[in-house]
Amino acid sequence: MDDIAYILGVIATITFSITGVLAVSGKRIDIFGVVAVGFVTAVGGGTIRDVILDVPVFWIEDALQLLAAVAAALLTFVLRERIHKRYQLLLYLDGLGVGLFASTAVVKTLGLGLEASHAMVMGVITGIGGGMIRDLLTGHPTLLMSRDLYATPILLGMGAQIVAFSSGLLSSDQAMLLGVATIFIGRSLAVFFHWQMPSVLTFNGKD
Amino acid sequence: MDDIAYILGVIATITFSITGVLAVSGKRIDIFGVVAVGFVTAVGGGTIRDVILDVPVFWIEDALQLLAAVAAALLTFVLRERIHKRYQLLLYLDGLGVGLFASTAVVKTLGLGLEASHAMVMGVITGIGGGMIRDLLTGHPTLLMSRDLYATPILLGMGAQIVAFSSGLLSSDQAMLLGVATIFIGRSLAVFFHWQMPSVLTFNGKD
Amino acid sequence: MDDIAYILGVIATITFSITGVLAVSGKRIDIFGVVAVGFVTAVGGGTIRDVILDVPVFWIEDALQLLAAVAAALLTFVLRERIHKRYQLLLYLDGLGVGLFASTAVVKTLGLGLEASHAMVMGVITGIGGGMIRDLLTGHPTLLMSRDLYATPILLGMGAQIVAFSSGLLSSDQAMLLGVATIFIGRSLAVFFHWQMPSVLTFNGKD
């Protein structure tokens, strides 16, 4: 992967470590648990992606990513009172992290010569896998049990990225930035306007 | 793997995607979550199997399996009211899917030159792994916490398959069909007669 | 890996299978579930380690480890009433198992030429991964949600082991034994004196 994708990946790792720690800040959990939660949130999705793709796991190949996740978690623990007041900001930061993770995963998967369908699945796994492991380990209901509009911007962004790149309209880097921007803006609008999935696209108890 | 095992594997993938979606149909979950649950139920067990065996993950090698799982989940969501009335039928269908997954995993594992004990473990992981991940992600108690007679038919069927094949009595395909039939019939009888594990083979609070 | 590390690894596998089964002994769970829980507790952490390191999974390469875990779980089920009375003893046994798993994982990871930070992460994953999967599958809150002093002795022991080995003070085997001893003694003291993480290093609801 080239430099831009790498740098964006490191930023996503740090972002997710911070949001991971803040997601458990109301829980009774010690400093080791905090670092473990930050680390798992940051690298969990990408680890599952790399294991399934059978390529070297990114934080094994590059210990900087491991250290970035741990350092970000520790710093967030120390500054937790100051950061927690900006929780709303973090929902937007999370949207940026999801966009970065999903779009870089698309680049990595297509770069292995796999199908667009694989790239979409890998983008979703990388984008939300870490948060799901965090929710399981800390006893929260997972994202799947929420009606927040979370996955839709990811799917739209990755779709735009893949179409723009495969059609030759944009270069790989340009298409990636389009994907990140679409996901980030879509998710930010969903947070700001409290958008939810319409009922017709939702199971509910009355079915 | 040969043609019969491949076709049976695709049928099992579709079956599990359907039952996975129906298992969450009483929950509040949106269409993305529905597809994710169907996909994970369908491919989760086989993915863990392939990663542990260090062979290419089956739906990476063959995108048709990925598309079959997603399409089956979407169709089940659309037809959910009609299918849900046949829930009892689905318990039998699930028994067929488990049989297909377990028996094809035995063939795959023995084909790698591994031991019978490995084949048994891989059959169990492939047969029930996807359903367990589904239960974790959707907040259900897992299969392990149930007294339904679920694992016993799987173990008997795989045992029969391995003995029949290793002794040279049956070919690999014939032994696989024996395994599938044993698991399907055993599980169907357990559903029909509400068989449970006898108390002497169960931990309980009074121990 | 050499003979001492191998033998200690098998002892750790058996130990964790026993403690895994006893951890669910108050739950309603049948003999299959018991064996599955013992097996997963015993091999889960090491399986995740090997998959991430992209080396052959230890119980695939060596079926003896698989059989040891299953046999230990079955025997524990049979003798459950007698063993359960010694539950306190098991907390110490668990500390020994964690020490063995963490320290042998450090040796394995450094032996692949990876960084000290990788060795620490792999030690933690191997030491506590199996217990976490067990807790998830059986519906317990995980270790992360506890204030028991559990991870600190592991981190101290692995740190001592890595420093002693990297500085050339001790051989790999000697450093491993130092690591095991530090973890076992530290964890035993924590159990005996009911040590908990100090509040300043703990998130709580008031933050």
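For reference, chains read A, B and C in written order, and residue numbers begin at 1 within each chain.
Note that in this section contacts are C-beta pairs under 8 Å (C-beta built on N, C-alpha and C of every residue); 3 or more make two chains touch, one makes a residue touch a chain.
What you see is a predicted model, and the numbers here were worked out from it, not measured in a lab.
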Copy pair chain A, chain B: interface residue numbering same or different (half cut)
different
Overlay chain A and chain C by their C-alpha atoms and let me know the rotation angle in degrees, rounded to the nearest 5.
120
Chain centres from averaged Cα atoms put chain A and chain B apart, in whole Å, by 30
Which positions in chain A are in touch with at least two other chains?
51, 54, 136
Within the complex, chain C is touched by chain B residues 51-54, 114-115, 117-118, 121, 124, 132, 136, 141-145, 147, 150-152, 155, 197, 201-205, 207
Touching residues of chain A toward chain C in the complex: what are they?
24-34, 36-37, 39, 47, 51, 54, 56-57, 60, 63, 66-67, 70, 77, 80-81, 84, 136-139
